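What follows is a pair of complexes built around chain A, which joins chain B in one and chain C in the other.
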Partner chain A sequence: MILMLKQLGNKRIALGILIVCMLFYPFSVGYSSYFLTLFVITCIYVITSLSLNLLVGYGGQISVGQAGFLSVGSYSVAILSTKLGLPFLVVLPLAGIITALIGLLIGLPAVRLKGHFLAVATLGFGLSVPQIALKWDKLTGGFSGLSVTPSSLFASETQLFYFFVFLTVLIIWLINNIVKSSIGRAFIAIRDSEVAAQAIGINLSFYKTTMFVISSFFTGIAGGIYGYWVGFVSPNDFVITNSFLILAMIVVGGLASIPGSIIGALLFSIIPHFTDSYVGITNIVIGVAVVLIILFKPKGMVSMFNFKRNKSEKTKKNELLLKEEGNRGVNI
Partner chain B sequence: MLTFNDVTVQFGGLTAVDNLSFEVPEGSIYSIIGPNGAGKTTVFNCISRFYTPAKGSIKFCGDEITKYKPHQIINIGIARSFQNVELFSKMTVLENLLTGLHPKLRKNIFAISLNLPTVKRSEEDSRKKAFEVMELLKITHLADEQVSNLSFGFQKMVDIGRAIMADPKLILLDEPVAGMNPIETEKISQLILNLKNEMNYTVLLIEHDMSLVMKVSDAVTVMNFGKKISEGTPKDIQNDPVVIEAYLGEVNLHAEVK
Partner chain C sequence: MQILMSGLIFGCIYGLTALGLVLIYKTTDIVNFAQGEMAMVTTFVSFVFLSNFGFGYIPSLLLALIFAAIFGIAIHQIVMKRVQSAPPLNQIVVTLGLFMILNGMAGLIWGHKPTSYPQAVKGDSIKLGSVFITPNELFILCITFFLMLIFFLLFRFTRVGLAMRASAQDIKASQLMGIKVTSVFTATWAVGAILGGVAGIMTAPITFLDTQMMFEVLIMAFAAAVIGGFVSLPGAVIGGLFIGVFENLIAFYISPEMKLVYTFLLIILVLYIRPQGIFGGKQTLKKV
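So, the complex of A and B:
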């Protein structure tokens, strides 16, 4: 069993298995609408937890209002598609851009706020979005919600499903590139030492707002996916408990880890499927999971797998150098 | 190269640096020494622009630097290391050095998120540069080690390495050998001399370890209670009664044993 887990740690094999599973998923569940929805919701949470991890895990900026961005994204899709009649390929990116603009507004105070204060500010945002959606009925339809005009691009649910799965994989790749780049390193630098980050030329306010913009952009897209898949948005779709759930996903999965965010999102999207038939069990199970993980695996579930660092040429080079150094006897 | 002109720094009513003037000539190793609390690190923090002087001017190559923000200082060619090692503790040594290259890397978010060949190439170049610096510091074998696992001595090395990465003109070193044993101190002093002689950096050094200061410095300024009390070559300083008094207390010529 442990050997299997270790094997899964090999990124290529894990990725291959994952993609094959995703391709055959609709067949294996007999095109059941319920199971397809379960999968798409999981995808939405994968994207959202990745974006939140960018903010919390990598950048060290607490956000307890991520579900607010999901709401903004899903409402953008509903309003743009139904009220303005814009096509799918315009609406989805626009949903991301609108949410990113909101993220910019939230990110601006984050430049000055830290830790608990930032948490409270984002909490306020997460709480207020559903309220605004409820009260601003001219735009949002109030408590009765809004329907989303389905796209004519996709002939069947399965096609839409494959598109969203593809989009999710694409976003995982994009975020992976960002965190591995100089921008990603700047985020981590800010988290670990703001003084040193400034001294090496990292503009704190610029990067903190950038973090919020990137994070809310992808979350907005996830909200858009939700809108198109479910076909209906209402103020109760993404409330503050969803924000906490997403936060729990990245803590349980693993902070500052891309596989961690995916594992956490998978776990917490699938648990309700098994527990929802017993009233109230879902929250207990999730709560217990969080406590157990924090007690026994504080680095998240991802630390159970042996995810190796990118050990390609970099380490080979080092090992060669190590041998040379070994002869010279390096010690200080 | 770096000129302090009547710089005064105040925190509330406390004057941390009092009318300080000195000049660091290009291509030299200049040390600032003084008892604890003399205001040495405050001087560094003024240069890094974390503090703004209440009065006076700080010029670097003729350019007034008080107008810059902290993150712009590296771009005019001043890098620093920290007294209590401000490394990015969860990163590896390699990644820490790569962040030192931040101002020089391309940061187009679209190119980066698509991982375009231009990004890959600049990543590869910066990695090469990082290995060069590690070679210089002789820490290549630690490239993939997380810095929080390293000994203090190595962490200091990485801190200095990160400062060198951006190819600055002036390097500020804040107590590079604090808490090191004599062998480690010897290595660092060799490194500092290398920085000047082989790589043509100008070094401004704060240090308590007198053996290091005397060995590497071209000129020394002594501070006490925010004021400059003496300045000169290491030899002059050693024999200056004012300096001895600052370090050992007042010399009472009429002391009696009761």
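So, the complex of A and C:
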């Protein structure tokens, strides 16, 4: 068993197993629409928490309004597909681009803000989007919401499912590469010390805005996936509690860690499935899970899976010191 | 004028909640997202004393505030003490977790049906010039300024206040100076919970008593605290009054649904011009 877990530490094998599981998932649940939806919702949260982790974990910029971007994405899909009649392959990227533009608008003032001030500004954004959707009923259908014209590209739900799973894997790969590129290194430098980053020639405002744009782009696509899968959007789909939940996902899973965000998103998408039969328990279970994990595993759940820690004590200590420095850098 | 007046009353409630937030932040460096839910729980407890045990208003208020103090101490001792030196983001998420637990528990125990809650002071409204004001509203105004003044003086001029300010600046150094930092923090949480409780009990007659009642108040209190710079006690109250009036004006002249949107637009505007808030001190750059 331990050997197996050790093998899981090996990234490629873990990825392979994960992908095979995903491919066989529809068969194993007998094409049940409920379980397919559960999986797609998980995918949406995986993408969203990854893009939020890019912002918070790697970039050190807190955002408490990520669900606002999800709403924008899903509404763009609904409006573009139903009111303008555009095809699927145009609508989904456009949803991302529209959300990215909104992200740019939010990112511009956010460049000057730090810590709690940024948190409150983004909180305001997350709260405002559903209100605007409610009020602007000519465009959004107000309280009754909007339906999304299904795509003619996919013959069955299963095909759509596979496409979305493929898209999720693609986005995970993309974000993984962004983090390793020079942009990602610039983000980390900004997180660790803005002064030092500026001193070595990193343009702070450019990179901070870029962070918001990239993060909101992917979140917009996730919102688009939601729109197409559920076929209906309303102002109550993504409210401020969803934003809190997404923030909890990345902290519980592990900040600045891609497997961490995936684990966190999985955990918090699956908990409601088990607790929904008892009314009012879901929030308590999630809250307790959040508090317990942060009290006992402050580095997130990924730290439980670090089996490959057979380095000498000295390097371990150095690493810890470095990490502490890094943590201090995430200034909210 | 009447709009301004009712804006001021709401502003007082935001200010009171913000006062608790700022007090806890100023001393312990933690932004407490669970503040509103702690206030909500205290309000429910006071309602239990009022309706189930049939105590009078003042005794149930005092008992509820005693409960709030114990509650604040418990939360600090059980949970928050352990994350005192954790990264700030972890602290925020812990308070979000507490928020969810308290909200869920209150829903389980007291249900989700809104009930009405008695006012502190009964009586017909008084006419002051062209403005009508009820004695209850007058009471809210007075209690807000009274509490603000007390805590401002406490922070500035007493030994406890000095200990609080010292612990906020540097935990290690204050420990070396013989300040029992943990006790100071526990006391802060108790006082913060009491302030929240007062705010909750003042809110309940206006909004009805239910588990969601403090949510919007908390959001606006955050806005108030941010405008006030997050470290200034009078700033929090003035920010609260400002937001209350602004919100009421928007609700009256534009539309009640959009008040949240415009309020946050205003905050972003204020922060864009002055990123440290109106009453915030100088911003210092972090060491490399």
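Rule of thumb we're sticking to: the second predicted complex is superposed on the first by the 300 of 332 C-alpha atoms of A that agree within 3 Å, B and C clash if a C-alpha of one lies under 4 Å from a C-alpha of the other, contacts with A are read in each partner's own complex, and residues count from 1 in each chain.
The rule we apply is simple: a contact is a pair of C-beta atoms (placed from the backbone, for glycine too) under 8 Å apart; a residue touches a chain by one contact, two chains touch by 3 or more.
Keep in mind that this is a model prediction, so the values were computed, not measured.
After overlaying the two complexes on the shared chain, residue contacts for A:Phe117 are found with chain C alone; chain B is out of touch. In the superposition on chain A, contact is made by A:Ala196 with both chain B and chain C.
Touched residues of chain A, counted separately for chain B and chain C, are more numerous for C.
Looking at the shared chain after the overlay, A:Pro93 reaches neither chain B nor chain C.
In the superposition on chain A, contact of A:Ile281 is made with chain C only, not with chain B. Look at A:Val291: by the touch rule set out above, it reaches chain C but stays clear of chain B. By the touch criterion stated above, A:Ala186 is placed in contact with chain B alone, chain C being left untouched. Contacts of A:Leu204 after superposition: chain B is touched, whereas chain C is not reached. In the superposition on chain A, A:Gln131 makes contact with chain C only, not with chain B. Touching of chain A by both chain B and chain C, each in its own complex, is seen for residues 193, 195-196, 199, 330, 332. The residues of chain A lying in touch with chain C in their complex are 56, 62, 109, 112-117, 119-121, 123-125, 127-128, 131-132, 134-135, 193-196, 199, 244, 247-248, 251-252, 255, 280-284, 286-291, 294-295, 298, 327-328, 330-332. Those residues of chain A that touch chain B in the shared complex are 174-175, 177-178, 181-183, 185-186, 188-189, 191-193, 195-204, 210, 214, 256, 309, 314-315, 317-318, 321-322, 325, 330, 332.
Per the touch definition, chain B reaches chain A in the complex via residues 48, 50, 69-75, 79-80, 82, 86-91, 94-95, 98-103, 105-107, 109, 112-115, 119, 123, 126-127, 131, 138-141, 143-144, 151, 153-154, 157, 162-163, 166, 183-184, 187. Of all the residues in chain C, the ones that touch chain A in their complex are 25, 31, 79, 82-83, 86-90, 92-94, 96-105, 107-108, 219, 222-223, 226, 230, 255, 257-258, 260-261, 263-265, 267-268, 271-272, 275-277, 285-286, 288.
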